[in-house]
Amino acid sequence: MTDDDLGFAIPDHDREARWGLPEAVLGIGKTPSQIAQIVERLRERNTGPVLVTKTTHEAFDAVRRVAPEAEFHEDARLIRIARDPVVVGGTIGVIAAGTADYPFAEEAAITAESAGATVDRIYDVGVAGLHRLFARLERIQACDALVVVAGMEGALPTVVGGLTGLPIIAVPTSIGYGTAFGGLAALLGMLNSCTPQVTCVNIDNGFGAGFFAALVTRKR
Amino acid sequence: MTDDDLGFAIPDHDREARWGLPEAVLGIGKTPSQIAQIVERLRERNTGPVLVTKTTHEAFDAVRRVAPEAEFHEDARLIRIARDPVVVGGTIGVIAAGTADYPFAEEAAITAESAGATVDRIYDVGVAGLHRLFARLERIQACDALVVVAGMEGALPTVVGGLTGLPIIAVPTSIGYGTAFGGLAALLGMLNSCTPQVTCVNIDNGFGAGFFAALVTRKR
Amino acid sequence: MTDDDLGFAIPDHDREARWGLPEAVLGIGKTPSQIAQIVERLRERNTGPVLVTKTTHEAFDAVRRVAPEAEFHEDARLIRIARDPVVVGGTIGVIAAGTADYPFAEEAAITAESAGATVDRIYDVGVAGLHRLFARLERIQACDALVVVAGMEGALPTVVGGLTGLPIIAVPTSIGYGTAFGGLAALLGMLNSCTPQVTCVNIDNGFGAGFFAALVTRKR
Amino acid sequence: MTDDDLGFAIPDHDREARWGLPEAVLGIGKTPSQIAQIVERLRERNTGPVLVTKTTHEAFDAVRRVAPEAEFHEDARLIRIARDPVVVGGTIGVIAAGTADYPFAEEAAITAESAGATVDRIYDVGVAGLHRLFARLERIQACDALVVVAGMEGALPTVVGGLTGLPIIAVPTSIGYGTAFGGLAALLGMLNSCTPQVTCVNIDNGFGAGFFAALVTRKR
Amino acid sequence: MTDDDLGFAIPDHDREARWGLPEAVLGIGKTPSQIAQIVERLRERNTGPVLVTKTTHEAFDAVRRVAPEAEFHEDARLIRIARDPVVVGGTIGVIAAGTADYPFAEEAAITAESAGATVDRIYDVGVAGLHRLFARLERIQACDALVVVAGMEGALPTVVGGLTGLPIIAVPTSIGYGTAFGGLAALLGMLNSCTPQVTCVNIDNGFGAGFFAALVTRKR
Amino acid sequence: MTDDDLGFAIPDHDREARWGLPEAVLGIGKTPSQIAQIVERLRERNTGPVLVTKTTHEAFDAVRRVAPEAEFHEDARLIRIARDPVVVGGTIGVIAAGTADYPFAEEAAITAESAGATVDRIYDVGVAGLHRLFARLERIQACDALVVVAGMEGALPTVVGGLTGLPIIAVPTSIGYGTAFGGLAALLGMLNSCTPQVTCVNIDNGFGAGFFAALVTRKR
Amino acid sequence: MTDDDLGFAIPDHDREARWGLPEAVLGIGKTPSQIAQIVERLRERNTGPVLVTKTTHEAFDAVRRVAPEAEFHEDARLIRIARDPVVVGGTIGVIAAGTADYPFAEEAAITAESAGATVDRIYDVGVAGLHRLFARLERIQACDALVVVAGMEGALPTVVGGLTGLPIIAVPTSIGYGTAFGGLAALLGMLNSCTPQVTCVNIDNGFGAGFFAALVTRKR
Amino acid sequence: MTDDDLGFAIPDHDREARWGLPEAVLGIGKTPSQIAQIVERLRERNTGPVLVTKTTHEAFDAVRRVAPEAEFHEDARLIRIARDPVVVGGTIGVIAAGTADYPFAEEAAITAESAGATVDRIYDVGVAGLHRLFARLERIQACDALVVVAGMEGALPTVVGGLTGLPIIAVPTSIGYGTAFGGLAALLGMLNSCTPQVTCVNIDNGFGAGFFAALVTRKR
C-alpha cells in the first residue's frame, strides 16, 4: 500500500490540491497522541495552514511538541498552524447573533481565513435589538457571501436575508436551553427560512460554514 | 344532577361569567349532530357570541337548523353566532406572516372580536420582505397587544418583538413542508425567541391566541 | 458606529424605554468577565433594576467587583441589582406545583417585581393534593394575572384555568425523570390545555413569564 | 400440528381459560375475510363474548355472515358477539374528558362488560369545567377501579387521582391537533402524573384498559 | 391557613387515609434540608412507613438527624422509615429481566411491602435465556399481580403475559445504550405489548408500579 | 456513455453478477411507465427472476404489456417475473408474529426464493400465545437462518433468539397504532434485543431481509 | 400605504433587483385564485421569469387565464413564465440519486435556469451502482457548483464530495419509507457529511438549492 | 431450583452450546463485584473465551482477582479471557470509517475472533477520501462477510455495498456532534441504505455485529 497509513488513520494529502485547504482534523473521539501524529504528517506533506477543530488543551500540548508554531484558540476550541493560504478567496461577513455564539463564529472566521478569504466579523447583532444590525448594513453589503451564526430561535439568517441579496450559510448553535434542544430549534428555523438564499450546516459547525463560504467566493 | 347533561356532553354555562365568552366548541372529533345540540344549548343559556372552531360544512348544515343566524367562515373553518360581546376589550393587532397563514389569523381575529376586542388585521408582512412590516409599524404601535401568526421558521414574532415593546401572543401554524414538521419548527422558534415579550399557544390555535389577547386587554 | 460596541457584545440601552426593564443578561454561554462588563454598562446607562439569569457563583464574583450592591439569588441562579422599577405593574400570582419547581418560580417572581409588579407567591399546591389549591383560591382570584409553574405532567395551569377566569402564563419546568424528557411532557401538557386562557413560555423560562405578566398588567 | 392453524392465523383458544375472555381480534391490518374466519373459530370453541376492535363496516358484513347475532358499535369501531361473561368482575367507572373521547371510552366500557365487570359511564367531565367532575364524585367513589380517558393535555387522570384513592388506568386518546401529536401529549402527561395510582395503556387502547380493569377487580 | 405550610412545601397528610401509604417524597430537585423537614412532618402526623425515592447520601444524612430509625437502600436510592403498613395487600411477584434492573425492582418491592403487600422477588430471568423464567413459573402463578421490570427491548412483560393470566404492571428502565434512548425503547415495547393484561408506568418508576400493585390487590 | 441510460434511470445490469439477483425495482416514487421500461431492460439483460417491490396495480398493468409472464402478488405489493435463480441458497425460516404482518413476510419469502433459497413459512406465532411457537420449534431449528417479522412491540425475534442459536434478520413492520409510531416501537425493540444474534432492516423491508438471508446462506 | 397590498398578500417587487429573480410563489396553502392574482402582479412589475412551486393543476388553470404563456411542469409541480433571466450565472450540475428524486431535481434545475445559470442534468447515479457516477465524473468536474438530490440514506452528496472539490448544495428528498421519516434520514446524513463542502436545504426544497447555486456562481 | 442462581444474576451456561460463545457480560449497570462473580462462573463452566463489554477499569480490577489471565482492551472498553474458540468461523473484514470509530471496530473484531472467525482490520477509509477504500478493495473482496463501522452520516456501508456483493453488518457509532444525535443519523443512514445487502445493529454495538458475522460464516 502506498498511501500514508498510520494504522489508526490514513491522512488524505490529496485534499489541499482538491479543496485549497489540507484535511482538517475533527478533534472529537481522537486521542491527543493520534491528533499530534496526524498533524505532523499534514504539516510535512502540505504547504497551507493546518487546523484541528473541536479539540482540547491536552491535544494542543501534544501538537505543540511536533509543531511548535501551532496556536490554540481557546474560545473556538481550535488549533491552527497559521501558514499562507494556497488559494485566494473573497470577502466573507461572519455575523453572530449573541455573545454566546462567539466560539462558533470564530471557528468559521479562522477557517475562512485559512482557506484564503478575507473576513469581516460582526458580532452580537441579534434580532432582539434590530437597530444594531441596521447600523452595520453597509459593511454587510460589501461582502461576497455571509456566514450567519445563531442559537436559540435562529432567526438572524432569515432577517439578514430579508435585508440583502447575498448568499447566506447559516450555522445553528447549541446555545439556549429547554426547547432549544441543543441547537435543533435554530436548525429547523434556518432550514425553513422564508428567504431563499439560506443554506445550512450542522449545529455548531463553524468550520463547514467558513470553509464553504471561502470555496464559493474563491477566485479562479 | 342539576347540570346540563346531554349524555355525550355537559355544556359549561358558567364560562360566559368566568371568561366573558361562552364555552367555544372545538369541532374536532364531534359529529355534526353533537355540535348542533351543544350549540343549541349554549345559544339559549348565554347572551354573547357562540363559536365553533376547526369545523366542517356538514357541521354548519346541522347548526343552521337550530341557529339560522349562524355564519360559516370557510377559510377559518369557524361557525359564528354573531351577537354582542358581553365585555369590552382593547385593540389587538393580528399580524400574519404569509398568505397561507390567513385561516389561523382569521380564527384569532374573529375570536378576539367575539370576546370584545377591536382588531386591526395586518397580513402578509413576513420577514423575507421586511419593508412591508416597517411600512405598518405605526399601526402596530397603536395596539394594546399583538397576535402574531407565522408558519415555516416562525421568525416574525421575534422580529416584531425587536421593533416594539408590546406583549405578543405567537401562533405557530402548520404551513410549510419537510422539516416544518407540521408547525413544530415555527413553535420551537417562538418558544426560543430572543425577545422576552413573546408567549406561545398550540400550533394553529388562533382561537386561544385571540381569546387570550382579548382577556389581557379587557377593560375592568 | 455610535452604539455601545464591546466587541463581543453590544448592550441594547433602548430596552428600558421600550419595555420598562433594561436588557436582562442570559448567563448561558457567556464568561464571567463578559457578564460583568455588560452589567457594568447596563447599570450606568439605565436607572431600573438589572438582572442576570441562569448564571453562576463565578459570574456573581465578577459582577460584584463592578456592582457591589448586586445580590445573588442562589436557588433561582439569578443576579439582581435591586433598584426601583421604572414602571408600575399589577398583581401577579406566582403559583408553583412542587417544591422542586421553586427556582423557576422565584426567577419569575423576582423578574415580575423588577418590572414593577406586586407578587403573591403560592408554592407546592400541585394537583396530587387539590385541597391545598382550593384553600388558596381567594388569594388567587385577587390577582390580575397568574404565572403557573409546573414540571412532570404540567397539569396545574389547566386545573387553575378550570377554576378561575384569569389569564395564565404557564412555565413548564425540567423537573421530573424518564418520559418527563427535561420538561417536554409538561410543555406539551400546557400547549394542549383544554382551558383557553393559557399561553406558554420555554421550559424553565421563569424570566419570560414574569416579564410578560408584568407587561400585560402594566398601568398605562 | 394439533393447534388451530388457518395458514394466516392460529387462533389461541387457551385465552378464555387463562384470562376469562376469548382472544379478541385487533382489526388493524386484517382483511374482512380473515377476520370472519377467525371469529368463526373463536365463537365455536369458546363460550364467552367475542370482540373485534378497531374494525370496519366491511369486516362487520363478513362477520355477520358467520355470526348473525354479532352487533357493530359504530362509534367504538367494535364488533361484539354478546354472550354471558365467563367470570365476574367488580364495578368499573369509565370516565371520559370530552365528547370526542367517546369512542375510546365505549371501547373500554364494552370490553370491561364482556370481561364480567359492571360499568358506570361518566362522560364529558374534563378539567376545563371542574364542577362537572365534582358533581359526580360520589358515583366515582363507589367504583372498585377507574378507567380515565382523555386526549389533548390528558390532565383528567391526575385530577381524579388527586380526589380519590382508587386505582386508575389511564387511556390517552389521539384527540387534539398540533402538538397533541396524535395522543403523545396526553400519554406523556399520564406517564408523568404526580399522583401515584395511575398506570397507562397505549394511545386509544380502550380495549386494554377495560380488560385490565376487569382483570384486577375480578372476584376470585 | 390551617394546612401544614412549610413555605417551600405543604405536606399532604390526607394521603395515608386515602391511599394506605403516607405521601412519599420524590427526592429529585429537593435539597437535603427540605427533604428532612418534610419527612419530619410525615413521620409525626402518620403511623405507616415513610419513603423518600430517587434520593442521595446527603439527603439520608439530613433525614437521619430527624428520624434516627431511617434506613438507606443504596442500590434503590431509597430512604425508608420501616413501620407497620396500615393496610393489608396481596402477593406481588416482582420480576426483573437483568442484573442491571435490580435498583428499580427493589424500589418496587420495598414500596409494595410498605403499602402492605407480600413480595416474591424473581430477578435476572430475561428473555435471552428463557429456561430461567420457565423454571420459576409456578412461583409466578402463585401471585395476585406482577410487577415486571425490564430495560433494553423491554420484552419480558409481553413474554410473561403470554405464559400467565395475571395482571402485569410493567416498569421500563433506563438500562441500555444507543437506541435504548434512556428507556424509551423499553417503554414503547411495553405500551405496544401484544398481550392485553399489561399497563405501564414511567421509565424507572418502580415506586409507582409497586404502589399500584399493592393498591389493586388490597384486601378490603 | 456506454451504460444503459434511459434518461430518468440507468439500470444496473452488473448486479446479477455481483449479488445473484438482478437489480430489484423499488416501486415508490416511480411512474408505471418508468417501472415498465426498467423491467423491460432488466428482463432482457439478465437471466434470473425480476422483482418490483412496494408497487401498485397500475404498475402491474404497465409491466404486463412488456413482460406477459409477470405475476402480481397483491398482498405483498410485489411484481415477479419468476425465472430460475442464478445461485443456490440455504433454507430460510420466515416467521411472522401476526396475521397483519403477512404482506411483509411474503415479500421476504418471495425475495429469498428468487435469490435461490428454500423457504419455510411459519406465520401467526406471536408472543401472546407462546405455545404456538413452541409447537414449531423443530421446523425452526432445521433452518440455516431466520427472517422474523413483527409489528407492535416487536418481541418475537428476541424470543426466538432465546430459544435457538440461529442468525436472525428482524423485520419491524408498520402494523400497530398509537405509540407503535408506524413501526418505530418494533424497530427499537429489535435493535435493543437482549439476544446477540439479531440484526435489523428498515421498517417493512421484507425485501432486504429476504435478500440478506439468501446471501448469507448461499452455497459457494 | 404605497406598496402593492392585495389584502391577503403584498407581492415584493424589490426581489428581482435584490436577487436577480422575482419573488417566487410557494403554492402550499394558497388558493388558485390567490396564486393567479399574485402571479399577475409579479408578471407586470418584473421582467424576468416567474415561478410557482409545489403547486397544482387547479392553480395552473387559474394562472393560465392571467398569463397564457405560462407552462406547467407536472413532475416538478411547478408553473413557469419562461422569460429571459435578468442575470447570468455559472454552470450548475444537478445530480439525482434515483428515478424517484426526479421531481425535486427538476425543480432545482428549472429554478437555476430561471436565475440565469446553465444546467447539466445527471440523474439516477445513486451509490448502489457507483460505476454510473464514475462514468460521468468529467462532466461533473466541468461545473462551477453542484446540486445533489437524494432520498433514502442521502449518501450521494458525501460520495460526490469525496471525489471532487466543488461546492455542493444537498437536497434531501422525502423519497423512501419506514425510517426514511419523510426525508429526515437523508437530511441528517447530509448535515453530518464527513466532507466539508456540503451545505443543506430543507427536505424537497429543490427551489432553494437551485436558487442558491445560481446565486453563488453569478457573474458580477 | 437447579440453575446457577447468584441472587442478582443467573448465568446462562447453555449459551456456549447454543451459540459457540459463552454468555458475554454487558458491563452497563452492573457493579464490579457482580461482574467478577458472573465471570468466575462463566470461566468455570465453559471452555471458550469469556468477554465483558462496555466496562471499566474498576470492573477489570475485580475480574483480575478471580481470573488472573484476563486482559483489558482499554480502547474497546472490553475484558477478555482469551481461550481457544469452540467453533471455527470464516474471514470477517472489519472496516472503520474514521479514527474515532476505532473502539467499536475493535469490539467487533475481538468478538468475532472469540467466536472463531479470522479478522482483517481495515480502518480510517471513510468516504471523504474514497481512494483509500479503493486501494484496499482486493483485501475486502477476499472476506466472507463484512462489519462496517461508521459514525456521522454513516455512508460507508452503502458505499462498500455499491462496490462488492458481500453481506454487510453495519455498526452506527455515537461519534459526531449536533445532529449526529449520538449515532441516530448514522443508524438512519444505514437502515435506509440503497444497497440491499446491509443489516444493522444498535448504535456502538460492535459486539453484536462481530458475533453475528462470526455466526453466519461459521463452518458447520
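Letters are used for the chains, namely A, B, C, D, E, F, G and H, taken in the order the chains are written, and counting of residues starts over at 1 for each.
Everything that follows uses one rule, which is that a residue touches a chain if its C-beta (ideal position, glycine included) is under 8 Å from a C-beta of that chain, and two chains touch if they have at least 3 such contacts.
Remember, it's a predicted structure, so these values are computed and weren't measured experimentally.
The set of chains in contact with subunit B as well as subunit E comprises C, D.
Distance between chain centres (mean CA atoms), subunit B to subunit C: 26 Å. The mean-CA centres of subunit D and subunit G are about 49 angstrom from one another, to the nearest whole unit. Separating the CA-averaged centres of subunit B and subunit G is a span of 35 Å. Centroids built from CA atoms put subunit B at 43 Å from subunit A.
Looking at subunit D, one finds that residues 98, 128-129, 176, 178-180, 184, 187, 191-192, 196, 202 touch two or more other chains. Chain pairs that touch one another, listed by label: A-B, A-C, A-G, A-H, B-C, B-D, B-G, C-D, C-E, D-E, D-F, E-F, E-H, F-G, F-H, G-H.
Remark: subunit A residues 17-20, 24, 145, 164-165, 167, 169, 187, 191-192, 196-202, 207-209, 211-212, 215-217 touch subunit G in the complex.
Here subunit B touches subunit A in the complex through residues 97-98, 126-130, 152-155, 158-159, 161-163, 176, 178-181, 184-186, 188-196, going by the rule given at the top.
The touching residues of subunit G, counted against subunit B in their complex, run 1-3, 5-10, 12, 14-15, 23, 26, 28-30, 34, 38, 54, 172, 174, 182-184, 187, 202-205. Those residues of subunit E whose C-beta lies close enough to touch subunit H in the complex are 98-102, 123-125, 128-129, 131-132, 135-136, 151, 175-180.
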